[in-house]
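Presented below are the structures under discussion, each in the form of structure tokens.
In the two complexes that follow, subunit A is the common piece, with subunit B as its partner first and subunit C second.
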Partner chain A sequence: MTGLRYVYAVCRPFGTPLQAQLTGVGGDPPRLLPHHDLVAVVSHVPEADFAEEPLRAHLEDLDWLTTVARAHQGVIDALTTVATPLPLRLGTVFRDDSGVRSMIEAREENFLRTLDRLEGRVEWGVKVYVEPEPTPKEPATPAPKPASGRDYLRQRRMRTKAQEDLWQRAESFATRLHETLSECAEDSRLHAPQNPTLSGASGRNVLNAAYLVPRAESEEFVERVDRTKDGTPGLRVELTGPWAAYSFAGEETAGEEGA
Partner chain B sequence: MTTPSRLPEPYGQGGGANLADILERVLDKGVVIAGDIRINLLDIELLTIKLRLVVASVDKAKEMGIDWWESDPALSSRARRDELARENAELRERLARLEELEPRRAQEEAP
Partner chain C sequence: MTVVERREVALVDLLDRLLAGGVVITGDITLRIADVDLVRIDLNALISSVNAQVPSPFEESR
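So, the complex of A and B:
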């Protein structure tokens, strides 16, 4: 069979088979490619889409990217239920099986070390949003026409002041939440706030963090997050997961890139 | 071997996880390996524009106005705040100038 090899993840061998109906990138079912003590999870993908030029062009197409990203994540997600995968970045493509094997061979020690570190752990994502300002209220209670320039400035100041207060409250809440959750996690990462046009979430994202938590302690972690959800008017806490340990997989090998 | 033990029900996964959650993980996190097909995700214009994911702590984010899509005033609170501050300063200055001019003019007009 021709085609390129799209690699999702590297794992230690695992006993449980993947769901039979699972499809990966391009509709191809993910296959296991064992090498020594590791298994690469790969799909066969057409050159017409995944060779350098077409891939570069496709990546500029948000719809295409979305489909591939969801397929990639779908496979990683399925792996997470039966093993501890080391997720690779989207678009890791080799010419053939032997290309994948030599890659594993070259990085074997590194993979094993990282997999040991992540074994039995999952990632939880926690985000804090400042709810959108209730702007529709303003026209309902029209402010008295400013009598003077000074008056006008005062009105403006009061409006921005209210917003600043909420902002400060959001910041101290997010900082405290992050401290608390970091204490019950093995590791944590702060990510950039999310772009609302992509996330479709309402409000302004002020905290976007990831926490590395052992599976066995996940229930407790989730309860801890749930408890923070009350008593924070104007703020919203969102939890996602369990994810494969995406945010904690990279740092050891990142330095080798470009070598 | 991992025996996946009890895990709480997934939150926001599957259809529910938002696109930004998925993209930031599959594109910006995970292990970077140069495959046979050489693609540098940073070269992809769409990604750098739409998904630019900078490392930001809460402090840093605030300093940045939280919005890395900041050039768009419709989305950016900093752009809006900057605009307000600028307008505010301008108005103050004009007001001060007017108030300063008023008595002087009154004096000048007085014989």
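So, the complex of A and C:
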């Protein structure tokens, strides 16, 4: 036994070799495992870390998860430059090469169909944040002391009102942005808003969406997102990508139903 | 576009895709670790462990 097989992605065969110095999960260079009209990209990984029990334990270790996620993404990124990969979920492990081949065999048709759908497409991530309330900049002139209880209450009400207005504006802005971007994308997905503890981002994440866009139309898409960044005080728009089509690798797509 | 490409990818953005996206393969031939719910539960455990330093508002001090 030479360990287990960690599978990153399935692709159609591609002519260009992967970068020679590329290392994958566990430091093992990714290898190509062809089967029929498809190629699985795999690394050999030790059972001590990737068998079911140790893997489950490792997934709760943020440092370990980070290392594996980065290595996984490094391989997918490298693949993206030479092919259109169909990425698999992190931690997809098989006992041996023949296990990988049987999996390809069983899902061959689905894989080919999905690869056709994703060919030449990339994923862009768009997030909207409500900026945290700005700390008053003018400590030299403190807010006028409320003259009375009624005065105090009025000041408080105004602050709450301003915050509510911002939330309402954030919600309608995010909804409109998502509609606009969905129109110029082939498909879209909404991810759960990100936990600020994990992201370390300031402000509250109100939109966390992914859009499937043809590579050739990406520039236009990015410009469209950039244009929305102006004139939205209190809100922040963030763009990430281009990603391999991670969020669109699943079978069912919401966009296709209505089409 | 190149500016976006060069910037290091944030871990959360990556986990959104690697743990919630990608093809999920289940069946006897896999170790079934890619199961969606499993990973989600693990990640929740992870997030609450990150939060462990912060006292929970629900805990009563007795």
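Here is the rule we use: the second predicted complex is superposed on the first by the 228 of 259 C-alpha atoms of A that agree within 3 Å, B and C clash if a C-alpha of one lies under 4 Å from a C-alpha of the other, contacts with A are read in each partner's own complex, and residues count from 1 in each chain.
Quick note on the criterion: a residue touches a chain if its C-beta (ideal position, glycine included) is under 8 Å from a C-beta of that chain, and two chains touch if they have at least 3 such contacts.
Keep in mind it's a predicted model, so treat the numbers as computed, not measured.
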Fit or clash - subunit C, subunit B, common subunit A: clash
Which of subunit B and subunit C A:T81 touches, first, second, both or neither: first
Which of subunit B and subunit C A:G15 touches, first, second, both or neither: first
Subunit B versus subunit C, judged by how many residues of subunit A each one touches: B
Contacts of A:V222 with subunit B and subunit C, given as first, second, both or neither: both
Touching partner for A:P193 - first (subunit B), second (subunit C), both, neither: first
First, second, both or neither for A:G241, with subunit B first and subunit C second: both
Region of subunit B that runs into subunit C when the structures are aligned on their shared chain, from 7-15, 61-69, 79-87 or 97-105: 7-15
Doubly contacted residues of subunit A, that is, touched by subunit B and again by subunit C: 4, 10, 51-52, 55-56, 59-60, 62, 65-66, 69-70, 72-73, 86-95, 99, 103, 107, 114, 125, 191-192, 194-195, 197-199, 201, 218-219, 222, 239-243, 246-247, 249-250
Residues of subunit C touching subunit A in the complex: 1, 4-5, 9-25, 27, 29-34, 36, 38-39, 42-43, 45-47, 49-51
Subunit A residues touching subunit C - in the complex, by the definition given at the top: 4, 10, 51-52, 55-56, 59-60, 62, 65-66, 69-70, 72-73, 86-95, 99, 102-103, 106-107, 114, 123, 125, 189, 191-192, 194-195, 197-199, 201, 208, 210, 218-219, 222, 239-243, 246-250
Of subunit A, residues touching subunit B in the complex: 4, 7, 10, 12-15, 50-52, 55-56, 59-62, 65-66, 69-70, 72-73, 76-77, 80-84, 86-95, 99, 103, 107, 114, 119-120, 122, 124-125, 149-150, 152-153, 156-157, 160, 167, 171, 174-175, 178, 190-201, 204-207, 215-216, 218-219, 222, 238-243, 246-247, 249-250, 253-254, 257-258
Contact set on subunit B toward subunit A in their complex: 1-2, 4-8, 10-14, 17-27, 29-39, 41, 43-47, 50-59, 61-62, 66-69, 75, 77, 81, 84, 88, 91-92, 94-95, 98
